[in-house]
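Look for subunit A in each of the two complexes below; its partner is subunit B in the first and subunit C in the second.
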Partner chain A sequence: MSIHIEGVNKRFGDFVAVDNVNLDIKTGELTALLGPSGSGKTTLLRIIAGLEHPDSGVIRFNSEDITGQHVSERGVGFVFQHYALFKHMTVFENVAYGLTVKPKKLRPSKAEIAKKVNKLLELVQLDWTADRYPSQLSGGQRQRIALARALAVEPKVLLLDEPFGALDAKVRAELRRWLRRLHDEIHVTSVFVTHDQEEALEVADRIVVMNKGRIEQDGTPEQVYDNPANPFVYEFLGNVNLFHARVKASGETKFTSASDDTAQQADEQDGLAYVRAHEIEVLTSAEPDALPVTLDLITMVGPTARLEVLNQQDGKLVHIELPKEQFKALNLKSGDAAWIKPKYSQVFLGEGI
Partner chain B sequence: MTTTNTLPLTSAAAVQDTPKATAEPRWVKWTLVGTALTFLTLFLILPLMVVLYGAFEAGMQVWWQAVTEPDALAAIRLTLFVLLIVVPLNAVFGVAIAWAIAKFEFRGKTILISIIDMPFAISPVVVGLIFVILLGSQGWFGPWLAEHDLRIIFAVPGIVIVILFGTLPFVARELIPLMQQQGKEEEEASLTLGASGWKTFWYVTLPNIKWGLIYGVVLCNARAMGEFGAVAIVSGRIRGETNTMPLHIEVLYNEYMFTAAFAVSSLLTGLALVTIVVKSWIEWKDERKKTSSTAR
Partner chain C sequence: MRTAALKPVIPGFGLTMGFSVLYLSLLLIIPVAGLILFTLQMSWEDFWRAVSHPQVVASYKLSFLASFIGASINAVFGTLVAWVLVRYRFPGKRIIDGLVDLPFALPTAVAGIALVTLYAGTGWVGQYFEPFGIRIAYSQIGVVIALTYIGLPFVVRTVQPVLADFEKELEEASAALGANRLTTIRRVIFPAILPALLTGYALAFARAVGEYGSVIFISGNLPYRTEITPLLIVAKAEQYDYHGAAAIGVVMLGAAFILLLLINGLQWWASRRG
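After this line comes the complex of A and B, so read on.
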């Protein structure tokens, strides 16, 4: 089932949550809606589900306009951030719920329901919890039950709202790998909302970056990470540094500083260069085009060394990440002078200068 | 090895010797418990004993006569009849209003919340007078009611109306914070799973608010039985017809029939106690069902 979002708008009072969004989601794809809080990603997801009604615009499943259709008739599976399991029902009853509330004519027999529920519980590897209550399960287990419950009605579309947001880091990493494998198995068109770029990059087939109710970029994880469409996407996907830069007509880029007042050449253009923290080389001696810096703060985070260095020309802070071993080999300490050279950068001409 | 062996011992001893950092001194604890118990004894248990003593002082037979005498029976019947109308109506109303307030956003919500409390704030006597002014024969709607041959004041409908008014907040008050705290995610989950609004209410909302609802109903029930001031004004106190149990007790008391007054009082108190016992019993059964299934 493909999803088509055409010119959708939604306001809450004065706040524009979704601003004229157009988006097509292909059948069987696992798409991430990625953005900071307040970017409208959850609202968009709820509009697809039918839990929220758009002020204007059309939602289609395949070619069918379902904008006016009630949630209960859309056949979507929805997974909530805080699980929303029915507290007073056992795990079995929770998963069976979607089948037991079907009208009598369409309802499977009790034996069929039991068979299906048990199969789903096996799929989420929690068949031993059938008789328990949700309060007796851990967060990760609850979310897997919530997923099994959503899958029980064989949804045409699976929607997940920050599904791992309430879990601790280790469980979260485990579950997202598990979700990826599960999706490869069942291939239901899925959309999940997240503010965690790492999660989106790891799990999704496709990432839609949202900001202030609008779509900033839409592409595969690689496209979005390697070729950010604009500074917002660049900054949102990972730690970045900004440099003033001059770009020659030949494409050659030179980093400068804000206080650099040497005359601009005729064939040069001012711009802002975006460089990720791990795409900067640290040198112990001067080289052409390398910027002189002073080491300020050094933090070891597991296998990575995180450095904060000050640009000697304008005193601006630059974040650098490099493997611990590599940093040790440089034999540098706080207060030392060094030179840095971007290995890779993206320049946005005339942005914010 | 030796250190690992001795360490738990010494630390355990240390825990026992020094009081917990967060614990209050003993005298604070016992003063609080003592105050609470003394208060309960003086103002709850002692009066209850007095009622029971007064009721059974002259023996079982006198008690039985007092509660089976025709006027008393009429009062008991009327009280139960009013309960049957008022409690279900207020339960439905309470759920509806709590639902509206907790799950929807609309203008005037805060005003509505404060209006719900009005019956608690207004003196019952004033409530009675309001309805007499509105519906009495000299009242605003009096002539119209007389034309259509409807008697409300000094009749059973008037009693039902003032008790309905007086006990209106109980269920709603109990449910509003509960439903607000629960949010609407479970209902939304139910809807996405294909359940209709009605099924969602029945299978998800109602079980979640069950305890609040039962508690609200018990309080509403107890208050509806005991309502005096407003009823005294609108009922007209026609013996055997518009006297509820509290009014009947007052009549007996004013006629110096103390034993009979105490007898009916004990019955009224008994009814209230029964509702509380029923509530505790349901609670206990539910608890047992839950623990037995978790033990598996």
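After this line comes the complex of A and C, so read on.
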């Protein structure tokens, strides 16, 4: 089932949550809606589900216009950040809920329901919890039950709202790999909302980056990471440093500082260069085009050395990440002078972008 | 082994516990024990005669039945009021929210007089029922109305916070799974508020059984028909029949105790599943 979002708008009072969004989601794809809080990603997901109604615009499943359909008729599976399991029901009853509330004519027999629920519990590897209550399960287990419950009604579309947001880091990492594998098995068209770029990059087939109710970029994880469409996407996808730059017509880029007042050449244009923290080379001696810096703070995080250095020209802070071994070899300590050189950067032209 | 970690954060367990026991004893245990001891001075025959007099039995029936009906009405409409107060925003919401506590605050005698003025055959409300031969004041209906009035805040105030804490996501989850609104209410919302509702019900019922002030005006106190048990206790005491009064009191106490136990059992059963 493909999803088509056409010119959707949604306001809450004066706040524009979703601003004229157009998006097509292909059948069987696992798509991430990625953005900071308030970017409209959850609202867009809820509009797809039918939990919110757009002020204008159309939602289609395949070619069918379902904008006016109630959530209970859309056949979507929805997974909430805080699980939303029914506390007074056992795990079995929770998963069976969607089947037991069907109208009598369509409702499977008790034996069929039991068979299906047990199969789903096996799929989420929690068949041994059938008779427990949600309060007796851990967060990760609850979210898997919530997923099994959503899958029980054989949804045409699976929608997940920050599904791992309430879990701790280790469980979150495990669950997202598990979700990826599960999706490879069942291939239901899925959309999940996240503010965690790593999660989106790891799990999704496709990433839709949102900001202020609009779509900033839409592409595969690789496209979005390697070729960010604009400074917002660049900054959102990872730790990034900003440098002033002058770009020649030939494409040659020279890094400068904000206080650089040497005359601008005729064929040069001012711009901002975005350099990721791990795409900076640290040198112990001056080289052409290298910027002089002073080492300020050194933190070892597992195998990585994280450096905070001060640009000697304008005193701006630059974040650098490099492998611990490589840093050790440089034999630098806090307070030392060094030179840095961006290995790879993306320059957006125009001052003050 | 003594360790610092075993010491409670707030000191003075001995003092506070001692005070609590004393306080509860003075307020609750000693009066109840006194009542029972006082009754024990009676012979079994005297006791039985006092508590099984047909007039007294009629009053038990009225008191418990009317309290039961009143608490049941409150269970339904009190929940509705709590729902409206939690779920909707409307002008004057705070005023209505405050009004719910009126039965707590208003002296019961004042409430009784107000009710009788309203529901008497010539009153604002009563006059519309009189032509159909329905008498509200000075009848058992009047007793039910007074007991409903007095019990309302208990149900509203116990259900309201539970409804306020109820995650909207649960309703949305139910709807997304294909349930219609009625099914969602029946299978998701109602079970969640049931323990609180039973608590409110028990409190409203217990309060109604013991209510005196607001009932005696509207009931008219016709022997065998609209006399409530607390009234008989007062009547006996006024005739210096303290033993008779205490005997009926003990029966009320026993009945209230059994009912509370029952409802607590129900509550335990309902919340155990959460």
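Convention: the second predicted complex is superposed on the first by the 351 of 353 C-alpha atoms of A that agree within 3 Å, B and C clash if a C-alpha of one lies under 4 Å from a C-alpha of the other, contacts with A are read in each partner's own complex, and residues count from 1 in each chain.
Simple rule for what comes next: a residue touches a chain if its C-beta (ideal position, glycine included) is under 8 Å from a C-beta of that chain, and two chains touch if they have at least 3 such contacts.
Quantities reported herein were computed from a predicted structural model and do not represent experimental measurements.
A.B. asks: Could you check whether subunit B and subunit C clash or fit when both are placed on subunit A?
C.D. replies: clash
A.B. asks: According to the stated criteria, A:28 is in contact with first (subunit B), second (subunit C), both, or neither; which is it?
C.D. replies: neither
A.B. asks: Going by the contact rule set out at the top, does A:132 touch subunit B (first), subunit C (second), both, or neither?
C.D. replies: After superposing on A, A:132 lies in contact with subunit B but is clear of subunit C.
A.B. asks: Examine A:108 and indicate which partner it touches, taking first as subunit B and second as subunit C; both and neither are also allowed.
C.D. replies: A:108: touches no partner chain.
A.B. asks: Both subunit B and subunit C touch subunit A; at which residues?
C.D. replies: Shared contact residues on subunit A: 49-51, 70-73, 75-78, 80, 82, 84-88, 97-98, 101-102, 133, 146, 149-150, 152-153.
A.B. asks: In their complex, what parts of subunit A are in touch with subunit C?
C.D. replies: 49-51, 70-73, 75-78, 80, 82, 84-88, 97-98, 101-102, 133, 135, 146, 149-150, 152-153
A.B. asks: Okay, in this complex, where on subunit C does subunit A touch?
C.D. replies: Spelled out, the residues of subunit C in touch with subunit A are 167, 169-170, 172-180, 183, 187-188, 191-192, 273-274.
A.B. asks: Which bits of subunit B are touching subunit A when the two form their complex?
C.D. replies: Of all residues in subunit B, those touching subunit A are 185-186, 188-196, 199, 203-204, 207-208, 210, 290, 293-294, 296.
A.B. asks: Applying the document's contact rule, which stretches of subunit A touch subunit B when the two form their complex?
C.D. replies: 49-51, 70-78, 80, 82, 84-88, 90, 97-98, 101-102, 131-133, 136, 146, 149-150, 152-153
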